[in-house]
Each structure stands twice: as structure tokens, then as C-alpha cells.
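Take a look at the structures below.
Below are two complexes that have chain A in common, paired first with chain B and then with chain C.
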Partner chain A sequence: MQKRIGKQTVRLQTPVSILATASTVGQKEGDGPLGAYFDVVEPDSMMGEDSWEKAESRFVAKNMELALKKANLEAAQMDYVLCGDLLNQCIGTTFGIKDFGIPFLGLFGACATVGEAMSVGSMLIDGGFAEHILCGASSHFCSAEKQFRFPLPLGIQRPQSTTWTVTGDGAMVLAKNKTGPFITEITTGKIIDMGVTDANNMGAAMAPAAVDVLLSHFQDTGRTPEDYDIIVSGDLGSVGHQIVIELMQKEGYDMQNRYTDCGLKIYDPNTQDTHAGGSGCACAAVTFCSYFYPQLKEGKLKRMLFLPTGALLSADSVQQKLPIPAISHAVVIESALPNERNEKRNEKRNEKRNDERKSGQVNTV
Partner chain B sequence: MQTNEQAQKSYAQLVKKVSPNSPILKNCILAFFSGGAICTLGEVLFQFFQNKGFAEDTAALLVSGCLIVLSAVLTALGIYGKLGKHCGAGTEVPITGFANSVVSPAIEYKNAGLVLGMAAKMFVIAGPVIVYGILSSIVVGVVYYFLGG
Partner chain C sequence: MQKRIGKQTVRLQTPVSILATASTVGQKEGDGPLGAYFDVVEPDSMMGEDSWEKAESRFVAKNMELALKKANLEAAQMDYVLCGDLLNQCIGTTFGIKDFGIPFLGLFGACATVGEAMSVGSMLIDGGFAEHILCGASSHFCSAEKQFRFPLPLGIQRPQSTTWTVTGDGAMVLAKNKTGPFITEITTGKIIDMGVTDANNMGAAMAPAAVDVLLSHFQDTGRTPEDYDIIVSGDLGSVGHQIVIELMQKEGYDMQNRYTDCGLKIYDPNTQDTHAGGSGCACAAVTFCSYFYPQLKEGKLKRMLFLPTGALLSADSVQQKLPIPAISHAVVIESALPNERNEKRNEKRNEKRNDERKSGQVNTV
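Our next item is the complex of A and B:
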């Protein structure tokens, strides 16, 4: 079977299960609209440590352990751990997972990292190179502000187009031949540079990458937005979300009814002062792990197109007035496989029949 | 997706259309009143010190010192940052803003050590103000020397 379809898309021969997910976030995220969905809300954003970087690593360690626990697996059973974050040389990840003893492939896709981890992980499993893979991504508002912008106590005004970096970690265990939901297709994005230089408008910098990967995905698979229950981008916020809708409209795709963004979901801009929405590696990761995964698991969502988005900038590149190139990786997640879906339907029908029969019997007795 | 120069140009227009603007009028009004309030506080302190019998230049020095200490304490307590969010230039421009810009990186980098962390990073934001402040005062001094008589 040909696994590669089109220029950028692969269709997995054996869809890869997302066995379990875990999400650990900070208090601000816990106070947001998705507060009830997260596994753990940590009231102390320092996590008992003395630096923001160490705190981020604690988020990673705790949440990865939780993901393993929820999957009923040990670290020793993982063939790879695939994850990354926003800090220089991915130290948030390194110091979080260094004691796990799992073969590690560090990933950097900025805020699209979770999509990259899901993509690489499921290809490794489908290729027969691994049975279980732990993957995820993390970010921390304070460590990101320190690295990319200004020290936290500095009294400055944030422009309205800025987004708020999510504090937390989202992690999932991928496995071969288990229960749904399944990763079925992957469209790997290209770097797109539309010449945006404003580091206070990441949504605008990243939206073209999301559009590009969407167009490639639809072209490669022959699908349209209507083929998905929901299409979810990573952290474009209100500005990038609107741009995607407008650019896709120009290309002849109507996204309006089924397209949303994790950055729009995670905070309430009216009460939480987050301006254009949420961002950071953890934005897409925790929103998927906490909010969308259960809906896929229960079958409320049948097929989801998930496209985390990342801005590939550094503090230096911004100071040198370089543009902000962006990337987005699309992953298709289905609640059940087509034949399995039919089976489930039949099962339900049989159960219903049995119930009716039973109740009928009770009545006659 | 097209990323050529023309596409970038029309994209920049779309971004401008979609991106929300800062509430400039509101920001200006808040900056005016908050900056004015800090200056008024300075004036109150100035009168206070003069009434206590300090000479004018000593009183002025004491006012600066008090405002700097006040700003440093409020920064350490995390209050000045929150004030800055609303007041903007109002809290940034006076001497208190300068103190805030020195204390903030000092706090943020203290876990990297007292020498290479706190002391080295202390002036990352205020540094340019000092450098160009001194530079322009030299220029003004030279001009004054030749023209001012």
C-alpha cells in the first residue's frame, strides 16, 4: 500500500492509537473556559522551584508521568519520547524528562511542536520502529516572556494583537494496534514567510502557514472542510483565526462553521486580559489533550483536522529585523476506524435490541 | 500559497485590516493623569522636605531618592508592573519608570547569580538610556561651551 499521498501528506497503513492524554496547566489556564477539562491545575506557577525554566521542567516531568499513569504503562515500556518547548536548546524539555531513561528525539517546531511530535511518532509506529511513544510539548508564560520579551515585573503595555503564552504541558501516549481515537493522516507543513516582522502579532505571522498546510492537505487528500467535524489550529488567536477564514475564502473554501483555534478556546479575553488569545507550545497541546481528545474518544467528534502552528523566531532574529517565518503541521485524528465504526454501530444496535428484549421479558414476567 | 513580494504586500494590508488597534486616546488620558499624579507626589514631597528645613537642591535629591525607592519596592511586590499595564507612558517616563526598568531584570535574573545574573543584566533595559543620556549631555556641554559663553 502506498503510504504517501500527494506532495506533503502520508496516510498511515495502520492507524496509530492515541492511548491516553494528560494536561497540566497553571492557575490562569485553570481559571479559563476550559478549566474543568484539565487533569491538573497547578496554583503555583513556580512549582516550588526558584526559576521559571526549572518550573517549566517540573510541569513537563509531572505531566509526562501522569500521561504514562493514565495509559497504565511504565516509562521503560516507551520506545521513544518526542517532545520540545520554546526555551533555548529546549531546556524545559531536557530537564523535565532526563530521568525517564527513554530514548529521546528532541523536536523544535515552536508552538507547532505537538503536531510535529504526533506526526513523527505515528510515522515511527506505523513504520514498525516502535510500539509505544510518549510525546508532548510545553511552554511557560514567564519563561517565554523572559526569553522573548521583557522581564516580568517591567511595567509595559501589551498591544491588542499580542497573545498570552499558555503555562503547562500536554502529553500523550501513542501506541500500535490499540483503541481509538486514531491518527490516520499527516500533512507536514513547509516554512512560510509572508514578511511579517511584528513580534507582537504572532497570529498574523502564523496564519499563512496554517492556510498553506490546509490547502496542501485538501489538495493531497481530495477532501474539503465539510469532510471534518472540526478543524482546529494551534495558537493563531482572534487575529490569525480571522485571517485564515478570509484567506481560505479567497481560495474557495468556506471554513466559518467548523473552524476554531485553541488560542481562542483557552482564555476568556473579556475577563482574563489575554488580548488576542492563547499561544505557546502548550496552547495546542493542552487544549487537544484535555478538550478535544475526550470528544474524539466518546465519538462526539468523528474526524478532526488538528493543525498546531508555530512562529520560527528568536529574540535575536527579531532584533535583527528578520521576518517571522512560520510552520504548521496537520494531523487527522479519527474517533474510530471506518470498519470499527460500523462494528460499534452494530454493537449499539444489538445492545439496544437486547435491552428491548430484556425489558420485554421483565414485562411478561 | 504565494509568498512573493506582491502577495506579501497584499497580506500586510489584510493584517492591518484585521489586527485590533491599541486604544490610543484612553492610553494617552491614563498616561497624562498617572504621570501627573507621580509628579504631584514628587512636588508634595519637595514641599515637605523644604518645610523640614532642607535646602532646595538637597530637597530635590531627597525627592528623587524617595520616588526611586518607592518604585523599586512596588516593582519587587509586583505592583508597579500592574500599574504600568494601565498607565503606560505615565509610569514609564518619570524617574519611577527608570527604577522599574533596573529592578525588573535584577529580580528576573537573580537566579543566574549575583555577578553574571543580577548585576550584569540589571541595565539591559536602562543601559541605552544611560549611554545616550551621557552622550547627549556631552554634546550639549560642548555646544554650550562654545556658544553659551
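Our next item is the complex of A and C:
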């Protein structure tokens, strides 16, 4: 079977199961519209530590342990752990997972990291190199603000185009297994640099990367937005979300009715003062793990196109007036395998026919 | 065929060809013992740029273009580019490769990055997801000193246990191809934290990670050091190299005669004032690409165990007095496939017999 189905897209020979997910967030995320969906809301965003970086590592450690627990598996059963974060040299990840004893492949994809982890993880499983892989991504509002923008105690006013870095960790266990939902296709993004230099408008910087991976995905697969129940970008927020709709419209794709963004879902714009929405590696990770995964599991969503988005900047690159290149990695997640879907559709049709028959509406053929 | 041959090791079903390598370094590296082996020695370590970070990106861009050229391939023929560096948010990589238009999977493995790139790259090719992958790693003395230690103009005295970050980029093209040398096995490392906190003694911090991956590799494969023509760690320098020999001795493995370290090869300790040796992502990458690869290509080395080593620290983690966790990823590279090796051995034996026959030393059987 040909796994590569276009310049940027591969189709897994054996779809990879997302066996379990876990999401642990801070209080602000817990107070938002998705509050009831998260596994754990931590009231203390310091997690009992004396630095924000150490706190982020605690989120990683606790949440990854929870993902293992929910999958009924031990760390020793994981063949690899694939994850990353936004901190310099990914120390949020390192100090979070260092005692797990799992072979570790560190990733850096900025806020697209969870998409990269799902991509590489499912290819390693489908390629025959692993049975179980733990993957995820984390971020922390305070460690990110300190590192990328201003020291928090300065109380700098934030422009309306800024987004709010999500505090938390989203993790999942991928498995060579027959339980849905499944990762079925992967479209790996290229770096897109449109020359945007405003680090307070990440949505605008990242939207072209989301559009690029969407166009590549539709071209490689021959599909259109209508082929998905939902298309979800990572952390473009209201500004970037609107840009994607407009740019895709110009390319002849109507995204209006089935496209949303994790950064739009996670905070309440009217009460939470987060301006353009949520962002950070954890934004896509915790929203997928808490809110979308159960809908795929229950079959309420049949096919989702998930495209976490990342801005590849650093404080140094901003100070040196370099542009903000961006990337987005798209992953197709399906609630059931194609033949299972057909079976379920048949079951439902038969049920409906039986109901209709009972109520005397139709005769059997 | 079973690809997983132990807890941490996989054996590729179809060994992956290292089609070509390229190495571009700064003048100090060019003045060292390996000077004649590098493809390009850049006399200006600023590369005409106005910042060290931008200079590092120029090393990445120029050298990766050279690797493509040496492989007689275009960027458009690469299915993925896998690479990383030491800078915050890996901007050396991002701004180096951003215009290549190749689907990008960013890696962070500190100075073990080139080993991680070779590992993931060869698994993606053997798994059927790619034909060609560009991979590599970079570092720059000035950008690394500024970020991890002290501003260079301060002229801070360096302890004898410090190593010197290599300026340069090492890159290679991996391919589904029948030309050796080949990557045949991969042992992915775990994070090892022995509590070392001295950021001026990275060799001591990383040596236990090298030992851990060596022990895992020998256990998984049933081999001993004698099964390799050479075993090469990434950037442990003289201090870490000696620790590895001693720790392995305690475990019953004699490493003395066939073990070296890229950090020991790249500078002349007597004339170059680099103290414990070379380090940085580029140390293992350029030494492999320039010095060891040709020896594998020519068959002078038949089987090499290459284990780049990485210290997973940041300036923040050091300031917060956290220990320095480390990781090492081992890759087996063989000059020819087993059956080719046998054929070559037979050829040589036959030649020898013919020579002996001609000189009347032996009778044919």
C-alpha cells in the first residue's frame, strides 16, 4: 500500500488508536467555557513550586501520569514519549518527564507541537517501531509572558490582538490498537514566513501557515471542507481565525460552517479579558484532549481535521526585528475505521427501518 | 519481521542509506586536526550578518544546500527536513531552513539532536512515509556562550572542565536507496539525571546518559564493544570520555581500544586552548559528516556505533539551581549490507587465494 498520497500527506496503513487523553489546566482555563470538560483544574498555578518553569514541569508530570492511568498502562509499557513546550530548551518538558524512564524524542514545533507529536507518534507506530507512545504538549501563561513579552509585575497593557497563553498540559496515549478514535492521515506543514513582525499579533502571523497546510491537505486528498464534520486550528484566536476564513474563501473553499479554533473555544471573550483568545502549546493540546476527543470517541464527530499552529519566534528574533515564521501540522482523526463506520451506519439504518416498520410508516422491501 | 529488538532498540527492516553528508564550520574548527576533512571552512564566523543568531542560520542554510547538492537532489525532492539547534526556540534552524519549502519536523535533543534526526528520519523512511529526508544540526560558539554562559565581551575565564561550542552545521540526506553506508539500528535514549549541577562540566553531566544508552544497546542486541570498529560519542570531551570508560569498565565492558568522542577529535588540546574539547549540536554532526562518513563509505570502518549526547539545561534551569539532565541517542551505521559485506569478504578472500596461488604458496583445494 502506498502511504504517501501527495507532496505533504501520508495515509497510515493501519490507523493508530488514540487510546486515552488527559488534560490538566489552571484556574483561568477551569473558569472558561470548557471548564467542565477538563480532567483536572489546578487552583494553584504555581503547583506548590517556587518558579513558573518548575510549575509547568509539574503540570507535565501530573498530566502525563494521568494519561497513562486513563489508558490503564504503565510508563514502562511506553516505547517512546514525544513532547515539547515553549520554554527555552524545552525545560518544561525535560523536568516534567525526566523520571519516567521512557525513551524520549524531544520535539519543537512551538504551539503546533501536539500536532507534530501526534504525527511522528502515529507514523512510528504504523511503521512497526512502537506499540504505545505517550505524547503531548504544555505551556504556562506566566513562564511564557516572562520569556516572550514582559515581566508580569510590570503590568504592561496588552493590545486587543494578543492572545492569552493557556496554562496546562494535554497528553494522550497512542496505540497499535483497534479502539477508536483513530489517526488516519497526516499532512506535515512547511515553514511559512509572510513577513509579519508584530509579536502581539500571532494570529495574523500563523494564519498563512494554517491556510498553507489546509490547501496542501485538500489538494493531496482531493477533499473539501465539507468532507469533515469539523476543522479545528490550534491557537489563531479571533484575528487569525477570520484571516483563515477569508484567505480560504479566496482559494474557493467555504470554511464558515465547520471551522473553529481552540483559541476561540477555551476562554469567554466577554468575561475573561483574554482579548483575541487562547494560545500556547497547551491551547490545542488541552482543547483536543478534553473537548473534541470525547466527541470523536462517542461518534458525535465522525471525521475531524485538527491543525495545531505554531509561531517560530524567540525573544531574540523579535529584538533583532526578524519576521515571525509559522508552521501548522494537520492530522485527520476519525471516530471509527471506514468499515466500522459503514457497519454503524447500517445498524442505524436498520434501527430506523425497524422503528418505522413498527410504527407502520413503511413496508419492508 | 520484528523491528523492535529490545526495550529501547529497533532494527530497520530495510537499512536506510546515508546518501550524502555536508559539513560547514568556522575558522577555529578549520584550524583543528579535522580541518582538511570539512567541506567548507568559513573564515568569517559572522557570515556577513549582524548577529550571531543570524550567522548560525546562514551556516544552516548554506550547509543544507550543500548536502542537497552533494546528493544531486533538489529541496523539492525531500519529503521532510528534520533538524534542530541549541538556541532558544531553535531559531538557528527556523531562519536557516524557512525558505526551503520542505515539510518540517523540528527536533530538540540539545547536542544529541543529530542522533535524534538520524533516528526519526530513518524510521520514517523504513516505515514507508518518505523517500528522502534532509537532516542535521547546528551550533555557534558565540550564540551559545551568550545564551548559556556569559556575554563574550566580559572575557570570563573558563574552567578546565568546560568544552568549546563548535561553530558550524552538519547535514545529511537519508534515502530509501541501495548505496551505503546504511543506518541499520537505533537505540533511543532516556533522560538521565544524576544530579550534576555544574554547567561548566557538561562532560560529567552527559556521561551517564551515554553509558545508559550503551548498556541498553548492548543488552538489546546481545553485542559487546568488540562488535564495532568504532564507538563514538558526541561531545563529552576529555572529562566525560574518561568517565564513560570507567563506568563501562565497572559494568564489565572494555571500551579502551575502540571508543572515542567527537569533542576529542575536533580541536587540538595543545594549541587551541579549548580545555576539555568540543561540544554543541554541531560537534557530533560535523565530525560524523566530515571525518567518519567517508571512512564508512570507503569501507575502512565496517560498523560504527554513533551516540550523540545532549545536556538538557537552559540558562533558567541553571539559575534555578536545577540539575542537568542528559540524553544520548545511539545509531548503528554500517558500511555495507550484511550480504554485500559477505560478498566483499569473499572477493577479498578469493583475491588473496589467487595471489597466493600465483606465488605458489598454496594449492587449490
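Definition applied: the second predicted complex is superposed on the first by the 343 of 365 C-alpha atoms of A that agree within 3 Å, B and C clash if a C-alpha of one lies under 4 Å from a C-alpha of the other, contacts with A are read in each partner's own complex, and residues count from 1 in each chain.
Rule of thumb we're sticking to: contacts are C-beta pairs under 8 Å (C-beta built on N, C-alpha and C of every residue); 3 or more make two chains touch, one makes a residue touch a chain.
From a predicted model like this one, the values you see are computed outputs, not experimental measurements.
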Which superposed partner A:Cys90 touches (first chain B, second chain C, both, neither): second
First, second, both or neither for A:Lys98, with chain B first and chain C second: second
Touched partner set for A:Thr179, first chain B, second chain C, both or neither: neither
Which of chain B and chain C A:Val10 touches, first, second, both or neither: second
Between chain B and chain C, more extensive residue contact with chain A: C
Which of chain B and chain C A:Thr224 touches, first, second, both or neither: neither
First (chain B), second (chain C), both or neither touched by A:Gly106: second
Chain B versus chain C as contact partner of A:Pro153, first or second or both or neither: first
Chain B versus chain C as contact partner of A:Asp193, first or second or both or neither: both
First, second, both or neither for A:Ser51, with chain B first and chain C second: both
Intersection of chain A interface sets (partners chain B, chain C): 51, 193
Complex contacts: residues of chain B adjacent to chain A: 1, 3, 7-8, 11-12, 14-15, 18-23, 27, 75-76, 78, 80-85, 87-88, 91-92, 97, 100-101, 103-105, 107-109, 111, 125
For the chain C and chain A complex, residues of the former touching the latter: 3-4, 7-8, 10, 13, 51, 53-54, 79-80, 84, 86-91, 94-95, 97-110, 116, 119-120, 123-124, 126-131, 147, 188-191, 193, 312-317, 320, 322, 325, 327
Chain B contact footprint on chain A (complex, rising order): 50-51, 146, 150-161, 192-196, 201, 204, 208, 211-212, 215, 238-239, 242-243, 246-247, 275-276
